[in-house]
Amino acid sequence: MSGNTFGTLFTVTTFGESHGPAIGCVIDGCPPGMTLSEADIQPELDRRRPGTSRHVTQRQEPDTVEILSGVYEGKTTGTPIALLIRNQDQRSKDYGNILDTFRPGHADYTYWHKYGIRDPRGGGRSSARLTAPVVGAAAIAKKWLFEKYGTTFKGCMSQLGEIAIPFESWEHVPNNPFFAANASLIGRLEDYMDALRKDGDSIGARIDVVAQNVPVGLGEPLYDKLDAEIAFALMGINAVKGVEIGAGFRSVAQKGSEHGDALTPEGFVGNNAGGILGGISTGQDITASIAIKPTSSIRTPRPSIDKNGQPIAVETFGRHDPCVGIRATPIAEAMLALVLMDHALRNRAQCGDVKVDTPALR
Amino acid sequence: MSGNTFGTLFTVTTFGESHGPAIGCVIDGCPPGMTLSEADIQPELDRRRPGTSRHVTQRQEPDTVEILSGVYEGKTTGTPIALLIRNQDQRSKDYGNILDTFRPGHADYTYWHKYGIRDPRGGGRSSARLTAPVVGAAAIAKKWLFEKYGTTFKGCMSQLGEIAIPFESWEHVPNNPFFAANASLIGRLEDYMDALRKDGDSIGARIDVVAQNVPVGLGEPLYDKLDAEIAFALMGINAVKGVEIGAGFRSVAQKGSEHGDALTPEGFVGNNAGGILGGISTGQDITASIAIKPTSSIRTPRPSIDKNGQPIAVETFGRHDPCVGIRATPIAEAMLALVLMDHALRNRAQCGDVKVDTPALR
Amino acid sequence: MSGNTFGTLFTVTTFGESHGPAIGCVIDGCPPGMTLSEADIQPELDRRRPGTSRHVTQRQEPDTVEILSGVYEGKTTGTPIALLIRNQDQRSKDYGNILDTFRPGHADYTYWHKYGIRDPRGGGRSSARLTAPVVGAAAIAKKWLFEKYGTTFKGCMSQLGEIAIPFESWEHVPNNPFFAANASLIGRLEDYMDALRKDGDSIGARIDVVAQNVPVGLGEPLYDKLDAEIAFALMGINAVKGVEIGAGFRSVAQKGSEHGDALTPEGFVGNNAGGILGGISTGQDITASIAIKPTSSIRTPRPSIDKNGQPIAVETFGRHDPCVGIRATPIAEAMLALVLMDHALRNRAQCGDVKVDTPALR
Amino acid sequence: MSGNTFGTLFTVTTFGESHGPAIGCVIDGCPPGMTLSEADIQPELDRRRPGTSRHVTQRQEPDTVEILSGVYEGKTTGTPIALLIRNQDQRSKDYGNILDTFRPGHADYTYWHKYGIRDPRGGGRSSARLTAPVVGAAAIAKKWLFEKYGTTFKGCMSQLGEIAIPFESWEHVPNNPFFAANASLIGRLEDYMDALRKDGDSIGARIDVVAQNVPVGLGEPLYDKLDAEIAFALMGINAVKGVEIGAGFRSVAQKGSEHGDALTPEGFVGNNAGGILGGISTGQDITASIAIKPTSSIRTPRPSIDKNGQPIAVETFGRHDPCVGIRATPIAEAMLALVLMDHALRNRAQCGDVKVDTPALR
C-alpha cells in the first residue's frame, strides 16, 4: 500500500498511467444485490472525459468502461468490481524537453526525487486522467446511496479566475461546458478562455459541491470525521489547494451567536455547518468548496532546471486543459460520493443500519 | 476501528472523555533507540493546556503526562508508547440543561443521533480536551523528525475575528497568549477578547503553520498525498472549517505563469505550492492555514430543541474558551508533525531511507 | 502501526511490558448502548491470571481492570474503551544473566536484532502477560455476541505432553487447574506436572476451542477468510506452533466423499469443515485446535551465546509457567471471540444486519 | 474493503471470477527501480496453471499475463502494477444442477447465505483459479527479495492421502507433476491418482514450504507476528485446514529442553522454531507445512439440499482437480513470499534498512 487505495470499507484501488496501455480500478466492499451494468457508469465518465469542448484538452478518449468482475446476471455479487478503461490517444512524442527537466508547479520534480524514476509521458501517474477510474467507481456509490437513502450529488463552478459565477439554478449546469449554474455568464466565460488559450496561459477556479438527503450520523470521530475525510478526498484531487466546509473561511470573522445554526422543530436555521457537526452528518445538505490552481503545463516558456541542476527554459507542448477546474466538477462530486458511501457502510458496521425513519431535522 | 486512530505507520490511538477519569493515547510504530522521557512531552502539553490566561477556559488541568510503556532505560524500544493524563478538574454539574438539549453548532445533536447515547459532560469525546493526547504524541514525532532531518514546526494566529495579525517574527509567538507573531497588536487583541467575554459571545480565528527542513519525497500519490493528509489532519481539529495549502484560495485568481514556482539552481522562486507538488514534498517549507469557527458553547441563550423535538432556549454555563482558535496553534503544529512523521516512515518503507544528501532544492 | 492492533473494525490496541508500570488496551469500534462495567470483564481476567495453582507461575498479580473511557452511566457510548491494569509484582532482579544473553526458544535474540534494544525484564513485550488486555477486550466481544446472537465460547486442554485428555464434558473444565474436560485424568496430570517442575523442565500442550451459535455468513473472502483470520489470531498467541480448523491435518488422508459434510434438511452431517466453508461461517460450531510449545524459560542450563556472539550457558531463574498451555484456554477463546466480533461488524457493514431468522442449518 | 486485499505495505488486491471475462490484481507498494517484465512473472504462473498433466483439471488456460501499469522502460516506477489475465476456457454449461443446490464441503452454501446471490460458474470467486493473480504478484515479491537479500523459496508435497513422501532432494520437484522431492515414489503416486480419478473421488495432501536466506528481524509483534501472518496467508489458500510452523504439532509432546534450539557461535542447533522466535524471523530457514483437504467437487453423488431446503443428490460434472494439493506448492510458496515481502517493507519503515551485514546466526 503506497496510497493508491481510497476508502476504508468501500475501497477503490486505482492503477494506470496517462499514456500506458490502460487505467482502471478495483472496487471492494460494494453491497451485493444491486443492479449494475456499464450503462450506469458510462454517463458519469462522459461528463468528465476530455475533448468535449474547445476549452478543455483536445485529447480524444472515449473512456469506454468495461466491468471485468463482481457482477453476475446484472447484479453485484459482493465480490470486487474491476473497471477497465483502455487508453486510446497516446501521443508521447509531444512531451519534448520535459523528459529531463521539471515543469514549474508540476509533479515532475517530486516524483523524480521520491522514486528515482518517473514516467514522463503525459505526467504518468500524476495526470488528471487518473480521475477517470474514480469517477467510474463513484457512479456505483452514487447509485447505491440514491437507492438506499435518496442521496443526490450536485456541483458547479462558482468562480473562474477573477470572474465570480453567482448561483442561479442547477438546471444550467449540464447546458454549458463550464458546469456553471448561471446561464447569463457563459459568453463571458467563453471569451475569457479563448483569450487565455491564445496567450498560452492557464487559470484557477473554484468549484462548489453539495450532497442532499444525507442520512444523519455519518462520520467517525475523532479522526475519521466526515469533514476531515471530505477535506482529504477533495484536497487529493489534482491541483486543489484549498477546501472549505459550510461557512469555511468566513467562519474566521463570525461570532458564535451568528455561526451556530439554530435548531427548531422545523429544521436547522442556516447551514454554516455545511451539514456536519462534531465530524458527523446532521442530515442537512453537505456543502463544500474547493480552490483549484491554474494548470501547470502551459505553453509560455518558464525558467526551470534539468536533472543535473542546470538552468533551462521549459516550454510545454502537447494537449492540456487551460483550466483544470473546468472538468473538476464531476470529479469533486465523485470524491464526495465515495466518502459518504464509505461512511454509510462504516456507520452501519458499528451502529447498525441507519434508521431513516428517525425524525431527524433536515 | 471507528476512527480513533490517526496515521498509517506512526499511529496514535486516543481514548477518553472530557470529564471521564483519564485521557490518553497509544503510539505505535515509533522507531526504536530514541531518547525519550516525560520531559520531552510535557512542554508541548503545557503550551496547549487550559487556564494559562484570562482569554481561555479557566478549567484547571495540569495535564501531567505519564509514560506507561515503550520506553526502557530512557530509550524507545519500538513497542507501543502509552501516554496517560488523569483529568483533575471535572465539574459535571455546570452543564445544566444541555443534558437533554442540543447546543447549536455543537456535536450534541449528531452524537445523539449516531449513537443513541452521549456523554454530555463537557462535550464528552467531542471536547477539544481530546487534543491533549495528540499534542503529546506529536512531541515524540517532532523529536524524531528533528533528530533525523532537522525538521522544525512553527505556528501562529494570523487573524482573530476581523483583526488581521500581520506576521512580524516567530520570536513574538511564545510571548503572548494568542500565539501572535506580532507584538504591537497584543493590546488590541486583549481588549477585543475582554469585550467579547463580557458579551458572552465567541469568535473565529485563522492559524498558520509551517514545517521547515522537510525531506523531499514525502507523500504517497494518488490518494494519500501529503497535502490531502494534511487537509485531513487539520480539518479534523475541533472547529476547523477550512484548510489551505500554500497559495490556497488565492490560486483561484492566479494564472499558471504566476502560480507555478520557478526552479533555479539556487532553489525555488516563491512557494505558491506550499512545499508540495503532485502530493509529494518538495523540500521547501510546508505551509498551511486553517479557519477556526467561533466556539459553539456561549453564554448567550440560543433557540434549539430538546430530545423530543420540542423548542427550548439553550444557555451554556460552565467554562469555555471564547475563541477556540487561541489554543489551536500547538494543536495544528501537532497534527502537521504527525502527518510528516507518518510519511517519513511510509516513504522509507517503499523507497528506502531518504537520501538527505540529495542535492534537493530548498 | 507496528502490529500492536488486532482487528479491522472491532480493534484492540494493546500496550505495556511484563515489568513496566502498567499494561492495557484501547478497544475501538464497540457498538453503543451495551451495558458494561468492570464486573463484566474481571471474571475473564481471573480465569487467565497467574498464581492460581502450583502448576502455573507464582507471580502474584490480581489483574484488576479499570475502565478509563467509553462507558457512560453503565453503557457503552461507541467511543474508545480503554482498559488499564497496573502491574503489581515486578521482580526484575530475578532475571540474572539473561540481560546480555539469549534464552534458546525465546524472543530475546530476535527483539535484540530487530530493534537494537530490548526490555529484558520478564521478556518485556514478548511476555505472555500481554495476553491479559486481550482477554479483557474479548470479554466485551463475548458479551455483545452473546446478547446479539447467543454465541458462546468454550475451550479445553486436549493433550498435555504425551497425555491425551479425551473429552468428557464441558462441566469439568472450571473444576481443575488444567481446563481439562475430563475429571478422571486430573490426578495423573498433577503428578506429571509435579515431576516436571522438579526436573526444571517444561512441556507442550494442545488446546481445543469452540464457538457455538455463530451466525451464518461471517468471513470476508478472498483473503480475510474466517479460517485465515482465526489461524492468524491463534498462531499469534505466545508459543503456538500449529493451528487446525475442523478436521485439520486429518484432512490429508481423507477422501472427498468422506470429508465433505453432507447437508440435509435437518442440518449438516458431521463437521469436518469446523464450521467454515469458503472462508465463511456455516452456522455450525466453529472448532479449532492449537499446538503450544513448551515454555522456553526453564531452570535447566542451556547452551547459548551472548550479545558478542560468545558461547555461554543460560539458566533462567524467576517465576515461569512450566506449561504455558495450562493458562492458554481462556486466551484461545478470547482470540476466537475477537475474530468473530470483528467479522460480525464487517459483515453487517457490507451485507446489512445478519438475518438471524434465515432458516440456516445448524 | 471486504477482504480482497492481501498485505499491509506490499498489497495485492485481486479481482475476478473463475468464468468471468478476466482475473487479475493490483500490486501497490512495490519499490521503484526494479527491472520487471512479463517474462519475470509468466514462469511462476506456468508452474501453477491447469492442464499440465492428467492428474489435474483439464481446463485449458494459458494464463498469459499482461502488465497494465507501474512499469516504465522495463523498470518499476513505484506506482501500482496491474496484472491482467483473460479467462479463455469458460464452460459454464458443465455446472448442471449446482445452480440451485449446494455441494457438500463447498462455498456454495455460505456465499449464498452471506450475499443472497452467488456466481455459480466454476465456483465464481471461491474457485482456486483465483490463486493465479496471487502467484503473479508473488513473482514480483520473490524477485525483489532475491535481489535485495538473496532470499529463495522452495516447496514440495510431503504427503498424498496416506502416502508419505520422504524428502530426498529439491532437484526432483520440477521433474514430476506432484512437486514431490522424491523420485522413487512417482510411479506409486501416479497409480494412486489414476485409481482415484476412476472412482470419481478426491484426496487430501500435505505441502511443505521453506524460505531461505531470510533477513533477521522480520515480523511485527504483538499481533502481526511473522508466524501469525504466515498462518493467515497459508490458511487462506483454498482447501487448507491446518498450518504448522517449525515443529508444529510435534511441539505438544516436546519438553523445553528438547524444543528450544540452542544458539552457538556457529549458528542455531536445530530448527524447531521454524525460523521464527517471538514472532520475528531469526535468519534461519522459515519452514511451514499445510494440510489440504480433498477437493469438494467430486463426481460421486452426495446428499445435499437445494435453495428451498429440500433434499437432493448433488453430482458434479465439469473439470476439477482430483487433488487440489497437487497444484498447491507454487501457491503456498507465493503466499509465503508475499508475507516476507510485506514485512521486509514494514521492518524498514520502523527500524530502517535491514543491516544484512549484522553477524546474525544462520
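A, B, C and D are the chain letters, set down in written order, and residue numbers restart from 1 in every chain.
Quick note on the criterion: a residue touches a chain if its C-beta (ideal position, glycine included) is under 8 Å from a C-beta of that chain, and two chains touch if they have at least 3 such contacts.
According to UniProt, the chain labels map to these proteins: A, B, C, D = Chorismate synthase.
All figures in this text were calculated on a predicted structure; none of them were measured in a lab.
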Chain pair showing more contacts of the two, B-C and A-B: A-B
Would you mind checking which chain's C-alpha centre is most distant from the centre of chain C (Chorismate synthase)? A
Centroid spacing, where centroids are CA-atom means, of chain A (Chorismate synthase) and chain B (Chorismate synthase) in whole angstrom: 26
Separation of mean Cα positions, chain C (Chorismate synthase) and chain B (Chorismate synthase) [Å, integer]: 38
Please list all residues of chain C (Chorismate synthase) that touch 2 or more other chains. 1-5, 8-9, 14, 29, 32, 78-79, 114-116, 125, 221, 346, 350-351
The chain B (Chorismate synthase) residues in contact with chain A (Chorismate synthase) across the complex are 1-6, 8, 14, 102-111, 113-116, 125-126, 130, 159, 161-162, 196, 201-206, 216-225, 227-236, 240-265, 269, 272-274, 276-283, 291-298, 300, 302-305, 309-311, 346-347, 350-351, 358-361
Residue numbers of chain C (Chorismate synthase) touching chain B (Chorismate synthase) in their complex, please. 1-5, 7-11, 13-17, 20-24, 26, 28-29, 32-33, 66, 68-70, 72, 75, 77-82, 84, 114-119, 124-125
Residues of chain C (Chorismate synthase) that touch chain A (Chorismate synthase) when the two form their complex: 9, 29-32, 78-79, 221, 345-346, 348-353
